[in-house]
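Next up: some structures, all given as structure tokens.
You will see two complexes here that share chain A, one where it goes with chain B and one where it goes with chain C.
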Partner chain A sequence: MSIINYAARVINFKIVYYGPGMAGKTANLQYIHRCLPDDNKGKMISLAAGDDRTLFFDFLPVSATGVRGFTTRFQLYTVPGQTHYNMTRKLVLRGVDGVVFVADSQWDRLRDDVESFRNLDENLKEYGLALATTPHVLQYNKRDLGDVASVDYLEYLLNRGARRVPAFEAVAVDGTGVFDTLNTVSRLVLVKEFGQAQEARA
Partner chain B sequence: MRIHDLVIHESDAARIDAVLLRFLSDANASAALLIDRGGQPLAEAGTARTLDVGSIGALAAAAFSSTAALARLLGESEFSVLFHEGVRESMHVSTVDDGTILLAIFDERTTIGMVRLFAREASASVGGILAETRARPRRVGALAAPLTAEEARRGSDHRPA
Partner chain C sequence: MARHRTLVRLSRALRAAAVAVAAAAATTVLFEAELGRGLAMPSWKVATAPPVLYLTLAMVALRHLPLDRRVGWMLAACGVNVALALASALTLSLVHPMSLEGALLRALWTYVPGPIVHLVAAPLMMLAWRSRVVPVRAPARAARPPVEPPALRATGPALAVATPNWDSVLRLSSLPAWSGGPGPTAFGRGAPELKIDEPASEPEPTTVLAAESLERTAHVGPRPAPVDVSASPPVVVRAAPEPPAVPAPPLALRPAPRLEPPDEPMVRVPFGRIAAQLPPDAFLLPAERLAESLREPHQLVVPRRLVVPQLREGVVEVAWPLIEDQFPELAFAVPPAEMRHRFSGWVLSLPMDEVVRQVPPELWRLETPAADLSDIGQFAAPFDPVPPVAAPVAASEPTPVRVIAEPRAPAPAVIAAVAVPAPLAPEPSAIEPGPIPVPPVPPTAEVADEESEALARTLALGLAPLGAFDWQTQRVGGRALVSFVPPSLVREPIDALAVRAAALAEYLAPWAVEQMTIRTAHVACVLTPLGGRGCLAAGVRRNGAVAMLELLSARAARTTGAGPAVAAPVTALKPATMAPAGGGNGHRRLAEAARALAPFGPVASSVAAAEDAAPGVYVFAGHDGGLLAGVARAVHAALVAGHDHDALGRLESVELRRGRERAVMRPLRAHAGAPAMLAASGEVALAGRAHRAAAHAAALLETR
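Our next item is the complex of A and B:
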């Protein structure tokens, strides 16, 4: 749910990184937090269990240059990927404006990817939202590992809507594809909110 | 449950600030934060020291929503108040409306009873203002026209240092 505050000159959006357990959602936020200049980020909060697996969510507020005198702020959240934490995932999705679906590219995780993707669609419906109309991008993570499915096959599994959505290959732990993913979902969210004018071609 | 976007115009922000300041004075609390249930801060008052409002908003909304989920497991619609007691400072979080909660930070200069009493009054006032806010046109003035490609790029561009 976007919040436009004319007094504070701020536009707030919420972006949720979704996907199966251990796919690299937290790694995305950690890399963003490590690399952004201090002026463009707040404190990162991780509510994790003792084994570093996300228990509730990770949270990282970031901001971009802004538009027309308004700062654009994006609150980045992750969800716990493990199947049995569905109630928690639903809570984190409340008020979401955009989604990054982080898929694990390894062959033996594809079933978990598909299950998590279906679960995302179901949970969005609880808030009256549909994946088809919610700005989202796909990130095929862990491309550096050996036993990974081809991008074509991942597209076949996950990017099958009436309109193809942007998809990125990534190695979140070293930052490959992380900012491309973030900038694209941020842009989709912004354009959904305000529209984008058709510009005449030169 | 459909969640609606929110636009706070300058006049609404001033009225909300006035209600929060009055609440601080009546309840003798040290800080008040109005938070969207999705975790985004909407307004703040009286934060004498620098608080990390973004983090507090995210954590308080999460705590409140998980408490509401617990309530539903017990057959309640929600627990309308959440109270955390500290050694020096305490925190009181209560319902404003379906989309918003009010968080108050207070110390030994007041009591939980006073905070609770005046939070209820403040919530009713703020809830009325938010109801008007939600009915207003979404985009006016500077944000009325669609973005150019360059504006969309600048508004969404995050770059590593």
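Our next item is the complex of A and C:
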């Protein structure tokens, strides 16, 4: 649910990077944080355990160009991917406007991808949301590794809706596909928000 | 393999012989102990009991066998019974003074416990050959027709015509239902009610291959001929009505042989890819020989129709009963039945790359259309990245300098006949007047910005094993100082000590201090620099877990990304002028102190005489004694002078750590108003011992 400050003409969106543990969600945010100009980003807060696994969540506020008189701000969150942090994932998903599902492309992580995707679906349902109506994109990360599944098969596993959502191959550590993913999910969120506003006005 | 078979036979014979010996021995022991000698039973009962009992046993336990085989087993058991009686008679005649005939008579009839023992022991003996009596695998293999080459692959024979009922034993627990598809879902290969349609005729485009429908296959009655899944790509299964409520047959681990089409497509997985999943104690053969012994050498064969429904799970698992008969029976370390019992829930995960490669993409490739994204064209891309730049190197940061260790002169572990001026009197030739290095204490300000809060939370996680802490963040000279103090201690004096210690650490940056531990009479404070992010200070009671606090602090600092301290050119620190401790102007206490400091390794003692307000320093170090004396003076100026004795107690020691090198500074109780310090440095393996050694050395120097 976007938060609109009409007085300040600012609209805030929440985008959550979801996916199994060690898939590269934090790496996405870190690359975004490195590449955005200082004027467009806030401080990235990352709470990680000793082994670099996200313990609670990462948070990165970024601002984007103005849209129809509003300044758009996106709050980027990640979730801890480990299965036993589901309560945290649920909390982070509250009020989400868009989701980036970061999948690990390696063969031996496919089961985790599928389980995490189902977990995303279930957690959204607890907030009365459906994946089909929530702007989301898929990111097939770690494409630079050798033992990765084909994109076709990843699509078969994860992109099974009535309409296939945008999916991106990525190597988050070097930035490949990171901004394509972010820009697309952001635009999907904008389309949903301003499209709905237009429909409401009509 | 022939040798292995011989071993198995020998093993069986030994087991049977052991039972026979036990029975004979039991009979003899009972007889010798005069147990049951008074029992009497009619001879006809004794004679007829074994056939009756064994026949009953055969009828009940071997009911699945033909009658002739059951009778045969009964006769064999009777024969074994007689043989046991003979063995018992032989041992009785050898042990007890009686004739063989008399012993035989007692073993067979008159001594009742004997026949009872034989009655029980005979079936136990025959258990060794139970696989011959109850052939578990033989029928399926015997019924196997001559191997024909498969239709799809030139190498390797096709799966035998008589194969287990795959569906009835397919593991279900690992195949959770897909929640994304609407309506009841079913995978209908085995269910007659399911209809497989072409996707064009299906109004719901979502592909549904729910594995839970496999559960239903165990509840349906007659099994139809298997559906060739490859004939209908992509598979779209219409939600089927519930199958008729037919009582579910028990899930048979060993189903009856079922005819399969000989050209059924198979997935072949190299045995080496799954060998690591096999329990090591389940097989007699090593993995290489086991791979050669497989029905299709070096490969496991799984019907493709079992694989396809699981493809959407991202993992393909097969239950052990499905592949069991591809292993040679003699390779099992335990009987097959026990194997199935012991590993009832055991499944093998097949390597997905092998599986997917062998499944035609038409079976899983999606044909659903892409979402319409034309609307997003009205919005420009919100984010325009700039190329990432490497982490900027601040000009003020010290350039990493590779410190090349100077070749050390072989210093004696203990310098004998050392001499030291006592009290430390300035020697004109050894003193260079200069300013006393006093690290300035920068102004502090309590802060609560997000970055500091996040830093504090990260550090708090690292210190959590030590219990509850109050933490506070303040700025010291532009850097964050996060201090953790237990609620049971007064925070203010510890914070003040931490601020001074942080300033000292800043001043000693060229010395590359990784950690500083300050011990007073009441508290211990551990200060850990966090690189450019500031410092972590944590206090505990003096008798608390200081070593644990040091360890956790260092670990917590690493989680913040603080890198190792980098040594700057040592010229940044002002060394003190040293006078060698030698000659005849000292006393034996210094020698004893040097001897006590053995945990620091070979050290040489030297002295920096007091200068104005700067204390004299007794230095014990292998090298860089002058530098260490300068550090000790800085410690004195920053921490000893102006120390809050009332709140913290006497300052006992300051310990600086840099890798394995530790430097311990202790203020010495002044005599005649001249302040003095002890400074000992070296590579320390046992920190606690070194600390105690420094305390002992200080005590020696304070004794006059």
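Operating definition for what follows: the second predicted complex is superposed on the first by the 195 of 202 C-alpha atoms of A that agree within 3 Å, B and C clash if a C-alpha of one lies under 4 Å from a C-alpha of the other, contacts with A are read in each partner's own complex, and residues count from 1 in each chain.
One rule holds in what follows: a contact is a pair of C-beta atoms (placed from the backbone, for glycine too) under 8 Å apart; a residue touches a chain by one contact, two chains touch by 3 or more.
Since this is a predicted model, take the numbers as computed values, not measurements.
The superposed arrangement places chain B and chain C in clashing positions on chain A. By the document's definition of touching, of the two partners only chain C reaches A:L110; chain B does not. Of the two partner chains, chain C is the only one touched by A:R118; chain B is not. In the superposition on chain A, contact is made by A:L131 with chain C only, not with chain B.
Look at A:A7: by the touch rule set out above, it reaches chain B but stays clear of chain C.
Of the two partner chains placed around the shared chain by superposition, chain C is the only one that A:V165 touches, whereas chain B remains out of contact. Legend: residue contacts after superposition of the two complexes on their common chain; A:L157 is shown touching chain C, with no touch to chain B. When both complexes are overlaid on chain A, the residue A:D147 reaches chain C alone and has no touch with chain B. Contacts of chain A with chain B, set against its contacts with chain C after fitting on chain A, overlap at residues 32, 35-37, 40, 43, 45, 47, 62, 64-65, 67, 72, 74, 175, 179, 182-183, 186-187, 190-191, 194-195. Taken together, the chain A residues at the contact with chain B in this complex read 1-8, 11-12, 14, 32, 35-37, 40, 42-43, 45, 47, 56-57, 59, 61-62, 64-70, 72, 74-75, 77, 87-88, 91-92, 94-96, 126-128, 175, 179, 182-183, 186-187, 189-191, 193-197, 199. Chain A makes touch with chain C in their complex at residues 31-32, 34-37, 40, 43, 45-50, 55, 62, 64-65, 67, 72, 74, 107-108, 110-114, 118, 121-122, 131, 147, 149-150, 152-153, 155-157, 159-166, 175, 179, 182-184, 186-188, 190-191, 194-195.
The touching residues of chain B, counted against chain A in their complex, run 1-10, 12-14, 36-40, 42, 52, 54-55, 58-59, 62, 65-66, 69, 99, 138-139, 141-143, 145-149, 151-161. Residue ranges on chain C touching chain A, taken from their complex, read 176, 178-181, 205-207, 311-315, 351-353, 356, 361, 364-366, 368-373, 375-376, 378-383, 385-389, 450-451, 454, 457-458, 461-462, 555, 558-559.
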